[in-house]
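Shared between the two complexes below is chain A, which has chain B as its partner in the first and chain C in the second.
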Partner chain A sequence: MDQFIEQIVTGLSIGSILLLVALGLSIIYGSMGIINLAHGEFVMLGAYAAWVFHTYLGLGLLASLVPIFLVVAAFGWVIERYVLSLLNNRPLDTILATWGVGIMLQQAVRLMVGSELRYVQLPPALSNSMDVFGIPVSSYRVFLFVVSIALFGATWLLMNRTTVGMKLRAIIQDRSVAASFGINAKRVYALTFAYGAGLAGLAGALVSPLKSVSPDMGTGYVVDAFMVVVLGGVQSLAGTVASAFILGELSGGIAFLQNDTVAKAIVLLAIVVLIRFRPEGLFTARVRA
Partner chain B sequence: MPPNVPSSSGLQRLIAQLAPLLIVCAVVFALPVLLNNDFLLNKVARYLVLGILTISLGLSWGFGGILNLGQAMSFGLGSYAMAMALKLKTVPVHTGASGLPDFMVWNNVAHLPWFWEPFRSLSFAIAAGLIVPALVAAALGWFMFRGRVTGVYVSIITLATMVVINLVIIDQQSYTGGFNGITDLAQLEIFGVAFDAYGRATYYLVAGCVLLSLLVAFAFTKSKAGLIVQAIRDHESRVRYFGYDVALYQIFVFALSAAIAGLAGMLYTVVMEFASPTFLGVQLSLSVVVWCAVGGRQSLVGAFLGAVLVAGMQGALSESAAFLETWTLVMGALFVLVVLFLPKGLAGLAQAALRWIVQRRQAPGRGVAQGVGQTEGST
Partner chain C sequence: MSISRRTLLRNTAALGAFAGAGLPHIWIKNADLAYAAGGEIKVGVLFSLTGTTAIIEESLNKATLLAIEEINAAGGIKGSKIVPIVEDPASDPATFSEKARKLVVGDKCVSVFGSYTSASRKAVLPVFERQNNLYWYPTLYEGRECSKNVIYTGAVPNQQQDEFVPWLVKKFGKKFYLIGSNYIYPKEENNYCKKLLEKLGGEVVAEEYVPLGHSEFSSVINKIRSTQPNVIFSTVVGDSVVALHRQYKAAGLDPEKMPMASLTTSENEVAAMGGEAAAGHFTSAPYFMVHKSPENEKFVEAYKKRWGADKVTHFVSEACYFQTYLFKQAVEKLATSDLTPPNIRDAVKGEAMIAPQGKVQIEPENLHTWLWPKIAQAKSNGQFEILVEAKEWLKPVPYAAYPGQSCTEKGLVEKS
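Then we have the complex of A and B:
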């Protein structure tokens, strides 16, 4: 029984990291239709920003979260403005362009700070462990779980309870009608992309104490995040949450029964089959128009 | 050409379209005369093989509109087919008792597994290198296109499938050599000709395959099926309303492209003298997309040259590590610029330049009419 609970908790922990990384991607893909292959690099930038803030400015991880969000969001804004906004109506080409941008970011980081692994310290206040259902769990993992849920809540509020969110939803439904009501679609898109990038940066900063930081750390995350978004359904934030935890539990569980490689292969295969039969994702009620 | 010219000029047009293809192949065949260095020749052969791989992607992406992010899967399967046959032919020093490959001995495998058995025959291996990728692609194509999966989802499925196969190959170390791949291979020998990786024979074998794949791909794009595939790319549902079985044509171009990639994979094993899981890795698969986009996805010769030039440049610069790093940065920027401003790649640029020159040399009135006609079809 203890082992079972331990598995559930491990799954929740994997799931919360997946959710952190996938949330930004879900916003960008769901609202703009852009397959952002540079997402992993935004995650990487966030992790490096945490390292820079810590090493050069002596800022703790928790104190630097807000500046990291702003810095990476600014990157996202620039990329949307000067690259992606030129690619209207060419969704497949956004894959290529964002991938090129990703290579550039990765390489620029490698040139500037080298490709050695970097380490970010756990916040001292969260470095002990606590009891969850009788299982000792590192406090930092509990913290990640709480933060990922909080960020989801904030994003949901932003989308559904603010003017910017309403404008974005109007543009998703019909861009030209929204524009004729005076909504500046370009500006809203740039803001959306910046927000998604900022979330990715936060995710990178938050996972940086758990994994080592390297220029190519983003590649693994972007694939996982995509699987979460595809499984959850393109325009469903709640679906993203559900699928992040389902995937977390699944990979945790299969890895326990088999090994990591088999777990990964089975999860990927399951997603391939899912795309074939339910391309709209598990959690969207929308029928094809 | 104006569209309503009599058919006698159809031949002329065909020749005009074949010309760049033949010129490029002539250069490829002539290169060993100028390049008297076996080491360099081996490198060039390697880039030519990558060129064949890129042609195969151009066929499915540029002409079929199917952005296959897992093109290296077919390449890797072909490569392993060849490596398995050559491994079984190595001298006994490099193998265990009764010709058991060395890595199987290390992994305590006592008997050659059943699926290795047929690879004792080289002709079987070569056939398998073409047919297995084609069959896998056809099955995957059937799975996707019968369900009318399109666009981005095709890319995700192909990428995920490739990653799964890659993971399985790395995981099943005792049967596939795992992470190290299959090394220490015998030389390929066909009809008494030995193909040393650094020899002329191998170069000409590769060059011949370049010509063959360009011609096969060209013939396909000019065939009726090829035209329907292009029509599907431009407007899928319209073709469906005409009564064509859209999925069937998509499956066919997908499988043909996989077979050509499999051929490239086999050649790559011969040129590199090993097979490795990186041959069906994400990195290579995405690089092929870059080469194809830079060269011109809707031009077979363009795609081929894109791969040879970009991969060749990368190889030439890899001598100095610092330079290579900067080059990757420049490459990323170049790629973004091409995607943004040159959707047809360098081939599109060359065509536009050519058209401009032709127009300049003719009377203004006639020039415009000709220019309009020539925007259709290209090699």
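Then we have the complex of A and C:
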């Protein structure tokens, strides 16, 4: 029984990390229809920002979260404004453009700070473990869980309870009609992309003390994030949450029973099979075409 | 101008005559004068500067270039300068093979220093064997290879484990949890470890492999908790090492009761994971940065001066450094006209020098290296403390896990 609870808790923890990484992608993909292949590089930029703040300014990880969000969001804004919007956000063109941006970001980081692994300190206050249902769990993992839920909550409120969110939803429904009501679609898109990028940056900073920081760390995360978003259903925030935790429990469980190599293969296979029979993903938001 | 058949013939004949006179190495057997042309000896340096393994290979590139610069500053090899031709194979085996061909065939390098992963070494092997050139491989690896065109200066399983595993069993107990990345190196190391454990009456509670680059170890940690091994024997590589150590620490496991014993965790990985995550765990290798010897002090100082005070040296970069000096010693023994890759190979057999780790020597039989095994514990300051130093240097036995086979000067021999 203990082992079962332990495994559920582990799955929640893995799921919360997946959710963190996927949330930004879900916003950008779901609302703008842009397949952002540079998402992993935004995650990487966030991790490097954490390293820079820590090493050069002596700022702890928790203190630097807000500045990291702003820095990476600004980056995202620039890229939307000067690359993607010039391509009129056409899906196919932006795939190629974001891929190129990703490669350039990777190489730029490599040239500027070198390719060795970097170190981001675990916040000392969270470096112990605590009891969750009688199971010892790393405090930092609990913290990540709380943060990912909080970020989801904030994003949901932003989408559904603010004017910007309402405008964005209007644009998703019909861009030209929304524009004729005086909504500045360009501005809303740029803000959305910046917000998504900022979330990715936060995710990178938050996972960096548990994992490692290197110029090509984003590659793995972008694959995970796409799996979550595709499984959950594009345009459905709740779907993203559900699929992140489903994938977390699934890969954690299979990894425990078998091993991580098998888990990775089975999870991928399961997604492929599911997409074959339910191409829209598990959850769909009803949108008038 | 139109070209008639006659002028074409005449020109071709003239060109042929010119080639015969002007480019003698096409015709004359002793063509290898080109290897030391104009007081320059060209060597290839083939470490990834981009891609996944650039994280570590960058430091190998730096250690090799440092040795070459030092040799050139001290007058080169009998007056000839070593000219390094640096290529970036981008962590991709196919690119490794392509760049190796370019260095060997195109640039006519007399030797190439390169590779970190076994996959990349296997990829370039056919190039060096077909061209009969020489590859200098600095990494510890899984053994079970017997090429006449590779000089192996890293440790093979018997040199990392023969002391280490019995020491662990004695100090911590007989229950081992084997964890590695999913490719050939960890599997062969674990294979040898299981053999040693069998002799010692040890027990393997689990043997597990994670995908390369894997960074989520919570399920592994649950399994470690539920099996309660005495030792976690780790051959996880690259950034996974960092993730494993940090998540072990975050989960509140105690290295005093259940230490990780690694063959792959060097100063480089420790710097990335932070001293507090590394502290208390063990590594077995022939070299550690803290090793006390005049040669090592000189090496560490020169490395930091050349590449930056925050840089570390480790057991693969040390091999890069000393193998370049062994190359120099071998070339020194040869007349300039005899400078060919096969001659260098024959000259380096039995060649010895005082490396930062101690005296090393190339074993004539199998072209691997006699090394000094050491066991060290990581400290929270990011350095190791050497606990056990071998009293004798250890002979390389690349087929230690395969009793019927041995690598000799004639090649792989199977005893029936």
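In the analysis below, the second predicted complex is superposed on the first by the 283 of 289 C-alpha atoms of A that agree within 3 Å, B and C clash if a C-alpha of one lies under 4 Å from a C-alpha of the other, contacts with A are read in each partner's own complex, and residues count from 1 in each chain.
To be clear about the criterion, a residue touches a chain if its C-beta (ideal position, glycine included) is under 8 Å from a C-beta of that chain, and two chains touch if they have at least 3 such contacts.
Treat the numbers as computed from the prediction; the structure is a model and nothing was measured.
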Partner chain in contact with A:G220 - chain B first, chain C second, else both or neither: second
First (chain B), second (chain C), both or neither touched by A:A255: second
Chain B versus chain C as contact partner of A:I172, first or second or both or neither: neither
Which of chain B and chain C A:V147 touches, first, second, both or neither: neither
Chain B versus chain C as contact partner of A:I95, first or second or both or neither: first
Touched partner set for A:Q107, first chain B, second chain C, both or neither: both
Contacts of A:L268 with chain B and chain C, given as first, second, both or neither: first
Doubly contacted chain A residues - partners chain C and chain B: 107, 110, 259, 261, 264
Residues of chain A that touch chain B when the two form their complex: 35, 83, 86-87, 90-93, 95-97, 99-104, 107-108, 110-111, 219, 223, 226-227, 230, 259, 261-262, 264-265, 268-269, 271-272, 275-277, 279
Of chain A, residues touching chain C in the complex: 3, 6-7, 10, 13-14, 17, 107, 110, 114-119, 121-122, 127-129, 136-141, 209-214, 216-217, 220, 251-253, 255-256, 259-261, 263-264
Interfacial residue positions of chain C with respect to chain A in the complex: 49-52, 54-56, 58-59, 182, 208-211, 213-216, 218-220, 222-223, 225-226, 239, 242-243, 246-247, 249-252, 268-269, 271-274, 276
List of chain B residues in touch with chain A within their complex: 67, 143-144, 147, 149, 151-153, 155-157, 159-161, 163-164, 167-168, 170-171, 282, 286, 289-290, 293, 325-326, 328-329, 331-333, 335-336, 339-340, 343
